[in-house]
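One structure, as structure tokens, below. Some questions next.
In order of appearance the chains are A, B and C, and numbering begins at 1 in each one.
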């Protein structure tokens, strides 16, 4: 029994970490600019495909793991500057629809370039196999992914809580008008913030493609759980996203073991229960969002 | 002795640990013009918002005609007979003056939820009521103009008319003179006096202009840094040593 | 005012006559066949128009960012499909059951949405919409799962009197339904209730301080919207004799929102104009190229960036600009504020939220 439950709980936590990762990127963008980025999944997929292409052109996996997210950041920032910036002052429905249109375009473009079906993209041999922890085997790839995600989250937290720019960013999320009145360059804040979201999506994209299989719709499959995680954790709370992500991952893995048919519904049930008890989510900040 | 209409008992409100209003008690009698005055940051508006249900106080009680309404939703208070205005006029900017008042009159007539257009006789009744309100605040000539196009002063008058459209017993006015030119201030002062003299309403208003307060109000509470400094009639307030020293400054009173 | 109203009536009559003669044969070809179109595409256009109107009631008139109306649309289709397949009901019963199921869906989801506004509202509609998607997807013994379920179209009428609907009669029936829904929508928007909804979009706090429980209005608007979307979905299911999870999906919701924006949010005729562009455009493009999704996506992007008022909205705005000072019709008023962000992003919206928070 234990040998069955422990790995699946671990797998659930890794999956949950992915959700949390995507949710944090979404939350950053949503909190600062009011943009619900429906193209977030498309950028995630893009990073996966870029890494795939880089590796198939002969670069090492490690280099691709670094370069593909960076390229995604560049593409993302260009899209933000050209298309999304003009919408920041308008009703949020417009940026929602614009990113929706972009995701439709992206999905088709990926199909054209990389084909409609999944492409094989696996991590290098070092990450294959498993590491024995005495009582059971842990797959190395998942351990590695968990390590990278955890390290990236720590890095993000350090950036937001330990640098001047991070401080400004967090202050701006609380009150955009005050920050611009203080003379901070809001456009720069928006751009860096979007870039951060893209970097998280990019990293998640490369890591996820080894685990979930790389296909044109991979990103969108992660998008909706990420929204749910953001709602459960409480919009505006990065810590909430992490807790929400792990909670959802755990719930999914446990449900898969015992009631496999309900493993997709479970997170919505969790969301409904959390909202009934805490209408603003687990760590939701009061009054930040209507 | 007139009966108490609205009463605050030891009301407190804090924001993130800062006490914006600290243990303030006020009794507003039926038919009075009551003013709450204090410098910026004295907690006037916070106190006002706690009374009108914009948010709820953290401590103390709010009573309306003896009934505890401390945590009653704002829309229910309006139905009881308390209506209010805001520092920045709260209106429907793209609707015309007529349509702005219509929303209120529909509410007062309990037909806002109806899916059918009002009958011809009801329509006549509604229009008559709107015309009466427009006449009261002198905006009849602007009836079909979108409110967004009106001057600040006219927007405020429109808002006052809206707050009257629901047939209140007491009207709460939050800094009704804020941001107005001298001539417009006079206009609003006349309207406030009319609310009391002609319509027989009880008025509570928040103001920082001492001259306005002393000439309009019959009862005054002075707030300073969230706490009560003095309470009484205009003459008691203008003679209060505490008020003179702590807040008003000699020359302001001498000018009155 | 009278003149404007007359224009509206004339426009309505012309549109209905045009829509009525479109499928008729002229010589050996119908107007449609000249464009290589099938008459069922017109039915689809009308039904998507109704679905977009259901979004319009929430987004265009009440200022609520609803991104989950496909859930009700799909519930309608499944409600009709399942009741026909398992209970052998007739056409009218199937359509009514579908509508009722969607309405119940709205009753279940509504309470979760009520106290939320702005992007939080949008996010919750998006997430709750997916619940039904996964239920349909997972209950495959019952619903056919991912592949969807086919069912036959039952007779139209009553047990005593009935007829089978072929594509053209189906279309005329849809035209009738559409006209009825449009009329109903128009009456709602002009009614005291509809005016209050539009007031909520502009300044919810003031509505509350006029003694009205805005949440009650919003809840009823949600239910009406769910019912409308459900009716459209049920009839759409009867049109294509099929129900599939994708009808419930958030991408389908996005299409409905986009259709409404394409035509003009907060206008009575906007959704059907948008539906005309979207449904016919998609049909034509998808016969020309495999990669039609790119063009639809590009259409969305261009519309959002260049024509945020939509086709009809831009036109009405130009007319309103031309005769400034003339009394403004409900449609134009609804539209104007709509574009500037409604109550969601304004300080008053936040204030309402703060007040609500304390209340809950």
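Please note the rule applied: a contact is a pair of C-beta atoms (placed from the backbone, for glycine too) under 8 Å apart; a residue touches a chain by one contact, two chains touch by 3 or more.
Keep in mind it's a predicted model, so treat the numbers as computed, not measured.
Two chains share more touching C-beta pairs than any other pair, namely A-C.
Compared with chain A, the chain whose C-alpha mean position is the greatest distance off is B.
Comparing each chain's Cα centroid with the centroid of every protein Cα atom identifies chain C as the most central.
If each chain is reduced to the centroid of its CA atoms, chain A and chain C end up 32 Å from each other. Separating the centre of chain B from that of chain C, both taken as means of CA atoms, is a distance of 42 Å. With each centre defined as the average position of its C-alpha atoms, the distance from chain A to chain B rounds to 49 Å.
Looking at chain A, one finds that none of its residues touch two or more other chains. Across the assembly, chain B contributes no residue in contact with two or more other chains.
Across the assembly, chain C contributes residues 354 that each touch 2 or more other chains. On the chain B side of its complex with chain C, the touching residues are 52-56, 71, 73-76, 78-79, 83-84, 90-96, 99, 102-104, 106-108, 111-118, 144, 146, 162-163, 165-166.
For chain A in complex with chain C, the touching residues are 30, 34, 36, 38, 83, 86-87, 90-94, 96-98, 100-109, 111-112, 224, 227-228, 230-231, 235, 261-262, 264-265, 268, 271-272, 275, 279-280, 286-287, 289-290. Of all the residues in chain C, the ones that touch chain B in their complex are 187-188, 190-196, 198-199, 202-203, 205-214, 216-217, 220, 327-328, 333, 336-337, 348, 351, 354-355, 358-359.
Within the complex formed with chain A, the residues of chain C that make contact are 59, 65, 67, 112, 115-124, 126-128, 130-131, 134-135, 137-138, 250-251, 254, 257-258, 261, 291, 293-294, 296-301, 304-305, 308, 338-342, 344-345, 349-350, 352-354, 357, 360.
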